[in-house]
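Okay, got some structures for you below.
Each of the two complexes below includes chain A, the first together with chain B, the second together with chain C.
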Partner chain A sequence: MEVGTRKLLDRSFTSVGFLAIILMAVSLVILLQPIIIRGGKAFVFKGTVEYRKLMREQFGRGNVEELSMDLEEARLARKPVYDLLDAFENEMKEQDSSFRRQYRADFRELKELLEELLGPREGERRRALIRKQYGQTRHDRSLVKLRHVIYIEGYDYSDTSGMGVKVETPRAELFTGTSLEPLFGILETDIGKMMKPKLTVYWRFLFDKSIDAHFFGGIWPEMLGTFYLAFGAMLFAIPLGIITAIYLAEYAGTGRFVSLIRICISSLAGVPSVVFGLFGLAFFINTVHISSSKSVLVGAMTLALLILPTIIRASEEAILAVPHGFREASMSLGAGKWHTIVRVVLPAALPGILTSTIISLGRAAGETAPIIFTAAVSVGKPLSLFQTFSQPTPALPWNIYNLATEHEAVDEIRHVQYGMVFTLVMMVFLLNLAAIILRARVSKRLRG
Partner chain B sequence: MEGSDTGGLLELNSSRKKDLVQVESNGQKNLFNLESAGKNNLLTAERFSVFYGENEAVRKIDIKIPEGLVTAIIGPSGCGKSTFLRAVNRMNDLIPGCKASGVLRLDGQDIYAQGVDTVMLRKEVGMVFQKPNPFPKSIFDNISFGPRIHGIRDKSKLSAIVEKSLRQAALWDEVKDRLGDNALRLSGGQQQRLCIARAIAVKPKILLMDEPASALDPRSTASIEDLIAELKGRYTILIVTHNMQQAARVSDLTAFFYEGDLIEFGETSQIFTKPRIKRTEDYITGRFG
Partner chain C sequence: MIETPDKINRGDLGRRLMMGAKGKRMRMIGSRIGHSALVLAASSSLLALLFIFYFIIRDAVPFFSLEGVGEFFTSTRWYPSRDEAEFGALAIFIGSGLVTLGAVVFSVPMGVFASLCLSDILPFSLRQVVKPVIEMLAAIPSVVYGFFALVVLAPMLQEKGGSLLAVGAMLVLVPLTIILIVVVSDLTSNLFAENIRKIMRIMTAAIAAAISFFIVLKVYHFMNGLEVSSGTNALNASVMLGIMALPMIVSISEDALNAVGRDLREGSYALGATRAETLVKVVVPAAKSGIVAAVILGVMRAIGETMVVWMASGNASRIPQPWFNLLQPVRTLTATIAGDMGEADHVTGSSRYHVLFVMALCLLVIAFISNLVSELIVRRARKNGR
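For the complex of A and B:
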């Protein structure tokens, strides 16, 4: 090959590699940016006076005097709205029945929407569901609700070739000429005074229990459950995995049976995680009866099975990569095989074993399918260590899925879902960071 | 272990055998002329063979290696010299399909007798390898590794052993202030001396060296050779080397191996100046090898 061609090839290969790295970095940013921004909204947002009231009543937090002042101001700001409602109700009574028939349904809908926005009116019967006891706690949501009050949403299907086009008509048009007409203007201008939004930092999101199926409160039970499951899985998988790896690398040799085992382990690494989940249900719960139903223990064992192949293969590689000279030196000094493995081979293989372990830990923390049937519930209390033997737990990956698909008020609590995603990503990120640091320190100690 | 199936091989090798016996007897005579006359024979081999599967890598050699001297084994690649060395501490056991026949005695004890514990054997037989292979641990932990395995836990005792071993290996002054440092930070020559110190820390009767300086630069090689001279008398050293000048410099006795046979064994000065066997002369003068 000519020198020119060779150089050109070299250079283009280098630039392609560089480009690939840039592409990866950009896609990572694109991927992480919405997670961070939206997830951040679970922690930092504009909280309304309703939020502060909720915090006071449900968690006993917040300044009572400040809150009562805010509530009083909000009450004053809302008074004209309620006055207008009362006036219109009187008007309905005074007018004839055709008037009543014309406005009754629309008026009821308006009142319901207003209750969603501002919360139940003072002096009314207390609602059973906690989410019905308060108005909008987050200002971004209260603006959405305000829009629902002011505009009627409809869809225009006149163009049959496409999808319906969203059309918004002012609700005020329904009430033109009545005493209710000014209400919408007042709402639009005074919504700030009515809700009194304030920048709120809710770091306790991580450590609060959830209230009313994640409507309010935090994600502590999920975090705790994820920790239990991931570290529980490690508890089973690390000893088993490392011992298996030692056996395969140091004792097993190259027989046909052993190669069969190796192939099995490799194939196990490719089995879909949902299969592990079903296996955990069928074997640990239905056959062995480790617990009568879902429990953290069973979930951890199932996750351990899932990550075992990775740990075994990586640890075996790490053990085989230990220079033969170390073994020879140790044996020549009179160390037995066991001593050699424990004192010389394993310490030298530690960085590799650690890496595989922590990567697996991240995987165990993030897996959804294996815990659906074995450990996860959508709502639950934070468990004590003892309860993990028999109780199921909420866990971040499962609850993210659950909130995204099955919660009856998905739109209202997107921030919780993204907060969970953000927390999970952060958890895995921190675990990996810890692994990298640990590995670097161990390698440095080994390398001198 | 003595093979009863060696009858046929004996006939085949009879011509070579004659040489060997002659050499052997001459070798014996020579030994008693050495200044160290009267020393015991620490390692003796009688019709000792090592097989890799069917291949006989060391063929029925007879040799008597006296205590307290440096014995060099020379010969071209694949002549069985390393195999013989590794037979002494039974490191060959680790290679699948490797077996030995004949008798190999260390201090009167048959190394390949049934029921010999390789752990105890290797405590008596130290070994230094071609490539310096300190453990990725601190200097202190490297030296104390052997004693610890053999049951010494007392910290002050271990410290004493570490210091003594490092002093004997002429490394103490260089490393005494950094015993906690990782051994891999030492230079190649220092690492090899550390390996020697590590081997003598378990007080072996014999020290095997498998081309201990072949991976080192000339200066480090010189330091290793000096150290071997230092250790002479205190330890019996059996050294395999490719480097004939090195053999001539450091050893009292030299054994020449060729294709698994022990061709000639005698005083180093005699082997290098007036070898009795033609093949030895050819090898030493560089006609082959």
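For the complex of A and C:
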């Protein structure tokens, strides 16, 4: 080959390498960007007057006078809409039955959509479900609902070769010539006055209970469940992991038994996470009967098995990284081997061990498959410490799955899903960040 | 939990632990007990693995006595909840394989190139920036990837799947064909005599360019015309799995590449090789075993992953037509276990419950064997290295 070609190949090889790295970074950005932007909206958003009413009635928060003033203004702004509805209803009564038949179904649909947007009208009986007692609490959602009121969505299949094309026709066309026609214009121009959106910071999203299957409120039960599961897993895995690491690093030689153990550790690390879940179900629940059905305790034990290999490996590395001089100095002062390990080696290795435990804490918090059969339920109250021995709990990873796939109104509560994902990702990142900082300090100290 | 003192094996405790414990029997016994406890705790992972195997097998075996072996591995009819239940898992096995294959095709070249770039090409300061990116990719929980696949990627694929695929294919194909044209023209021009070599080179390049332009255009139009009927399909799951497997592949193969000594690289440079030639012909062959181990572990991660495939693959138990059509929904082993256990849980003891353990056993065996293989490869390489 000519030198020119070889150079070109070399350059293109380099650029393919760069491309791979850039693609990796780009995929991280693409992945995180919607999560951060839309997840942030669970915490900071434009809350409507309905949101403030909900907060007042369900949580007892907010200024009563301000709220009643807002409600009064909103009522005034909504009055023309309701007046038009009443006028049309009267018109229907007065006209003949063919008129009624023509408009009845459309009118009922319109009224239902309006109730979804603005909430039930004053003086109507109280709805049973909390989600029906309020209009749209978030302004982005109320704009979506407004669009549903003003336009009728349909699909055009006239082009048979492809998929249907979405078409929107104005709902006003249904009511042309009636007294209801101006309603749509009023709605479009006055939606701001009717909903009175205000920038709201809802940091209590993390610490509020959920109301009516996550339609409103926060994610505290999930947070608490994740916390219990992750720390419970650490409670089992850390002592076992560190003792194993001490044995492997300080006592074990290179015998057959030791290499068997090492193979087992790496195999355990390779077991698919869902298999851990099945094992937890078959062993902890169906055989040992630690609890009669799913419980936090069983979930924590299953997760502990999952993270055990990580902790063992990292702790062993940390122990081996302690300079040999430490041990010799301690021995020369007359300390025994065990004494040396407990008093000298472990304290020196502690930051390294801590790093690994922090990272596996994040892993335990984010694992879903092992807790599906052992610990997680979709809806539940926050548990007290004592209840964790016998009761299942909601947990962030499982509820992300559950809300995104099995919830009855998946699209309505996207902000809750994104909020949960955002919280989980931030939790894991903060833990990793802490680990990275700790590691940097350790390596500086061991070097110095 | 596991350290019951009556199980202590006193046979292999030859060494004394405490210095200066001569004659003090109590201390001797104490140290022996301590040591045994250590051994016992250390064998907890051995016990855990044994227990996992035992209990998965224990609940898997009844399925074969209830339903036989043949149907499970050969039939594609998966109807576990019918009265006349059918448990043909062939399509599920193929689904798992297909999704994993897609992930491998995507992540192995990218992962190996990225690790080469990290170990040999990037300057140290940039490496410090890239490392956290990889660590972040590894730290993100799988359910977050699944959520992204379901909520963001799937609608995107469904709406503009064809054009996305076309752009992706162009990103790969165009640079590749340009390199190929140059290389081909260089190689073929050597066949001609010295005086016409330059002209022939230009001519072959022009011909190759024309042909490949035509082919690339065809591919583009084909891709652009593709319609994705469902955004949750094998491709979606493959891409997500590929991204998830990347950090593992990159970090392990980078370790392997770094373990190749400087002297090998310098020797190659001294002979006049370019960096690409050094990497391809010297460094990669020397680190081969480590890279293979990394790929095996990455594949294992993809096979064993649950949440992403459950949310992104569409969960349809049928073999895609043709089999490599990644745009159709598939169902995988892990997703089937996760999805069906919720209902099968109530009928403990039925074949519907046990069949899931059979699947778990298959996963476990695959994972165990591939782990052993990768361990073996690494060990042999280490021995040879010494």
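Quick note on the criterion: the second predicted complex is superposed on the first by the 395 of 448 C-alpha atoms of A that agree within 3 Å, B and C clash if a C-alpha of one lies under 4 Å from a C-alpha of the other, contacts with A are read in each partner's own complex, and residues count from 1 in each chain.
Basically, a residue touches a chain if its C-beta (ideal position, glycine included) is under 8 Å from a C-beta of that chain, and two chains touch if they have at least 3 such contacts.
Predicted, not measured: the structure shown is a model, and the values here were computed from it.
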Chain B versus chain C as contact partner of A:Met331, first or second or both or neither: both
Contacts of A:Arg445 with chain B and chain C, given as first, second, both or neither: first
Which superposed partner A:Ser378 touches (first chain B, second chain C, both, neither): neither
Partner chain in contact with A:Gln133 - chain B first, chain C second, else both or neither: neither
First (chain B), second (chain C), both or neither touched by A:Val428: second
Chain B versus chain C, judged by how many residues of chain A each one touches: C
First (chain B), second (chain C), both or neither touched by A:Pro323: first
Chain B and chain C contact sites that coincide on chain A, given as residue numbers: 331, 334, 336
Chain B partner contacts - residues on chain A that touch it in the complex: 253, 323, 325-326, 328-336, 339, 343-344, 347-348, 445-448
Chain C-touching residues of chain A, taken from the complex the two chains share: 1-2, 5-10, 12-21, 23-25, 27-28, 31, 34-35, 162-163, 236, 240, 243-244, 246-248, 251-252, 257, 260-261, 263-279, 281-283, 286-287, 305, 308-309, 312, 331, 334, 336-338, 359, 362-363, 365-369, 372-373, 397-398, 400-401, 404-405, 414, 417, 421, 424-425, 428-429, 432, 436
Partner chain A, residues of chain B touching it in the complex: 89, 91, 94, 96, 119-123, 125-127, 129, 131, 133-137, 145-146, 149-150, 181-185, 195, 198-199, 202
Chain C - residues contacting chain A, complex: 1, 12, 17-21, 31, 34-35, 37-39, 41-46, 48-49, 51-52, 55-56, 58-59, 109-111, 113-114, 116-118, 121-122, 130, 132-137, 139-148, 150-152, 175, 179, 182-183, 186-187, 227, 243, 246, 250, 274-277, 279-280, 297, 300, 303-307, 310-311, 334, 337-338, 341-342, 345, 348, 356-357, 360, 363-364, 367-368, 370-372, 375
